[in-house]
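One chain, chain A, appears in both complexes that follow, with chain B as partner in the first and chain C in the second.
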Partner chain A sequence: MMLVINDKNLEVFIEKLKEKFDFFDIRNDKLPFKKYFFPPVQEIFTRNPLSKSKTSDLKTAKTPAKFVLFGLNLPQLEALTQLDEIMQKPNEDFFYFQNRKQSIVIGLIDVEIDAMPGGDIIFQKIGEGKYKVWAENAKSKQIIKENKVFFEEIEDEEIESARSFELSEGAEWSKTMRELLADSENLANAVAWSHGHKIWDELAEKCLGCGICTYVCPLCHCFSIEDRVGLDDKCSRCRKWDSCVLPSFSRIAGGHSFRPTIKERYYNWFYHKFVRAYREFGKSQCVGCGACKKNCPAGIDIQEILKTILEDYKKVMSDV
Partner chain B sequence: MDNIYLPQKVKITKIDEQSSTVKLFRFSPIEPSAFKKNDNDLVFNPGQFVLVGEIGYGEAPFGPLSSPYEAEYMEIAVRKAGAVTNYLHSLKNGDEITMRGPYGNGFPLDFIQGKDMVMITGGCGIPPIAALVEYVIKNREKFGRIYVLYGARTPDEILLKEKIEEWKNFGIKSIITIDKPAPGWTGPVGFVSDLVKEIEIDEANAVATMCGPGPMMDALEKILRPLGISDRRIFVSMERKMQCGVGKCQHCVTGDKYVCMDGPVFYYDEIEKNHD
Partner chain C sequence: MINNKPRIAIYDFTDCEGCETKLVSLREKLLLLEKKVDIVNWRLGQEYFEAGPYDITIIEGAPITRHEVDLLKELRENSKILIALGACAALGGIPAIMPEKDRKYWYEKIYTSQYAPRGIDAVPLSAYVKVDFSIHGCPIDENEAVRAVEELLAGKTPSYRGYSVCFECKQAGNPCRLLENKPCLGPITQGGCGAICVSGGSPCYGCFGIRDEANIPALRKILEKFADEKEIERYFSMFHSRTEDFNKNKEK
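Then we have the complex of A and B:
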């Protein structure tokens, strides 16, 4: 048996959720969904310097109300699972999980899956106006139970032939990218080998060092901590998105930078995504969503870079 | 859920001007009244760092220089260089600041026991070395011959002069050099090969520990290599931009290592071949 919902009921169900929770439909967001858990700027601590009680004036950011994040596609659901893992190790990131634990994440996908790649509820399109419902944890089962009038149980066989959808924009690119990512060990070896490859010189000419690729990436999670003394009676500490391709990223007091050139910084971005991530977590920190390619003002396509490196790496390895 | 970013409040109990730009700060915990001890029965492992600062001004990493057995207070040396350190320099006795940590690994206390040790440091890199000396003094019978080679830019910039004087009583030989000749200075200039003659160690049973800026590489080539200490026995404390201190923000990475978690102390041969 499987649980299904039709599109009319799905609309009503969404309305019900909106009544109960803060609701964010991420499908038209320019910035990736990570911003709901790891905001571009978050005031994490404040204190009142004029307060008389010296030891107890430190305030920590408040926990938000429960909220629904709606509309994550397959790469985004996978990215969420991976980001949870990243934020878990080696110590739980307090502010990320403070937000994350308040969320109900709903995926909306049009491809076949064998198991839930992430999120709490997934609506998988299985035909015209019809969705298969995936919900495995207690939180999501409870929500479905409360709204059971919108769902119906049907036999598994009934949907077999009802599947035909158009590929969304960028789907081919994603498909190829995901094929490359499937062998993340090979990618790690190739990118580690490529240090010194001429492609990094070429990219250094092309890359504007703007950091957009890292901001739109659902998995990039560099941040800086910035403090501010306000003109009012508030001092604050903010956590802000940072980008490893920006010149200030590894600059220390006194002005020395450990990666002074774009070439070094851009390689470091790749090295983290494909080499260090593999060595730390056993997979690349990329889900093939294509956001970096789509938003790069210089038109850099990371898939082309990887293909070039992989090809040259293969040649070198076969010569050995 | 523990908040890994939440600092603890500490109170400044002593400020001592070390040079025109460096002040030594002693601070004590407010609640509870002593710092927690680790598995080694120390409040920090020499070479570990703490993040000290204040909400509104920021945090910066410092290697404590006080004895790691001292639970009532820690001491750091602060060179005026940026927002946080300028703020710290404006404070007076009794003022409250914040602290997180200790973080990182520290020098390998088990490995160095029973050995001769050459410690090389320069400029503001002396605090972790000073803490290590304090550790050695407390466990003096477990160590062989100990040398501290310390390079300062000018005589005025030599830090912890009194401590270095005291260390003599415990058979710790310090050699201080300055970068350029200066009036009245009779000691050595630079980490020069000549210094090798003043160091007597059993190279098969010796280690080196290092912390400090650029001239350290000179020391490596001109002193440690000629002394015959292998790269596997040289422990270097690395400097990188540090923000979160807990392996999240990505600022401090070098190759596959996080300086804040895997370091700051590394085997020299572990980091030598890193691309960055």
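Then we have the complex of A and C:
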């Protein structure tokens, strides 16, 4: 047996969710879904040591009300699962999970899957106006139970086989990217080997170091900390997304920089995603969503770069 | 090190006073500030004034006349910390759009030959004296000015924003102008303004100053795809015609 929903009921179901929860449709967002858990700028705590109040002067960021994130596609669902994993190591990131635990994540996909790649509920388009519903955890089962009038349980065989739907913009790019990512070990070896490759000199001339590729990536998770002592004596600690392509990122107290040129910094972007991530987590920190390519003002395409590196790496390896 | 309650002076040279107006717009925060510092000299903000030396001197505007240049040097001697306020002071800004060699022509054309010009040239404060910190913008973001003062009061060296305008532009949800073949200096410009111009539909002209280690030649290459040399020059010369970064890259 499987659970399905038609598009009319899906609309009503969404309206029901909106009545009960804060609701965010992420499909037209300019920044990736990570911003709901890990905001670009977040005051994580404040203190007022001079306050005369008897209660503690420490105030941490508030837990948000329960909210729904709607519309994650396959790469985004995978990215969410991976980001959760990253944010658990070495210690659970308190402020990330404070928000994350309040979320109900709903995916909307039009491709075949064997298992849930992430999220709480997934609507998988399986025919005209028809969706297969995936919901495996207690939280999502409860929501579906409460709204069971909208869903229908049917025999597996009743379903017409998943049709091929129009490929969304950038789908072809994502497909190729995901093929490359399937062998993340090879990618890791190739990118590690490529240090010194002339492609990094070429990219250093092109890359603006603007950081957009890291902001729009659902998996980039670096931040910096800004402390302030306000005019009102309030002390605050704020964290902000940071980016490894920016010079301030790799500069330490005293002014020394570990990566003084854009060439080294941009290489680090690749090194972290494809080499270090592989060594730490066994996979690349990339899901092939294409956001970095789509948003880069310099028109840099990471897939082209990886292909060049992989090709040259293969040549070198077959020569030995 | 500065005193517990530092003595601050705020001066203005040739400019529009827009940045000082932004300071006035701090309202209640300005009163909070007055508890932490003594503003002992501020022509625009108060009648009361004391002579130097000062702990912190904040200067708005470009030094254009001989008198302003002399005063600037004197203020430098008399100040522990000297801060440039706004693009005119920090970069030359709007007054510096005109090249020195064209001054004579325009003086005559606008004011007739009977006018005895006092302006020598418009250049940033740093052309004459050491500037300890610049609060950027045309006009400044008043909260960034507060941040600089807070950092000084906390005994820190004020820090520049290490990221580009693009960070704030992305947060504002703007589509990227460069991807639509429209000019923008955001990627090479320091953040802090909240990408206010791009959000309002205009390009970023870089009034918050060039970001640390910005790749100006790379941006030029992108701009060249849809703008000619002259147009690109106009974008850069709005605020940067007299900055080192700009001129260094022009020679390349």
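The criterion applied here is as follows: the second predicted complex is superposed on the first by the 309 of 320 C-alpha atoms of A that agree within 3 Å, B and C clash if a C-alpha of one lies under 4 Å from a C-alpha of the other, contacts with A are read in each partner's own complex, and residues count from 1 in each chain.
Just so we're on the same page, contacts are C-beta pairs under 8 Å (C-beta built on N, C-alpha and C of every residue); 3 or more make two chains touch, one makes a residue touch a chain.
Owing to the predicted nature of the structure, the values given are computational and were not obtained by experimental measurement.
When both complexes are overlaid on chain A, the residue A:V229 reaches chain B and chain C alike. Comparing chain B with chain C, more residues of chain A are touched by B.
Once the two complexes are laid over each other on the shared chain, residue contacts for A:D93 go to chain B alone; chain C is not touched.
Once chain A of one complex is fitted onto chain A of the other, the partner contacts of A:G129 are absent, as it touches neither chain B nor chain C. By the touch criterion stated above, A:G282 is placed in contact with neither chain B nor chain C. Of the two partner chains placed by the overlay, only chain C lies in contact with A:L246; chain B stays clear of it.
In the superposed model, A:T60 makes contact with chain B only, not with chain C.
Contacts of A:P40 after superposition on the shared chain: chain C is touched, whereas chain B is not.
Counting contacts by the rule stated earlier, residues 224, 228-229, 242, 249 of chain A appear in both its interface with chain B and its interface with chain C. Across the complex, chain A meets chain B through its residues 44-47, 49, 54-55, 58, 60, 87, 89-95, 97-98, 195, 221-229, 235-237, 239, 242, 244, 249-254, 258-259, 264, 267-268, 271-272, 275-276, 279-280. The touching residues of chain B, counted against chain A in their complex, run 1-7, 9, 30-31, 53-60, 81-83, 85, 96, 98, 239-241, 243-244, 246-251, 253-256, 261, 275-276. Touching chain A in their complex are the following residues of chain C: 29, 32-33, 35-36, 146-147, 149-150, 153-154, 162-164, 166-167, 170-171, 173-176, 178-179, 184, 186-188, 212-215, 217-219, 221-222.
In the complex of the two chains, the chain A residues touching chain C come out as 29-31, 40-41, 205-212, 215-216, 224, 228-232, 241-243, 246-249, 262, 295, 297-299.
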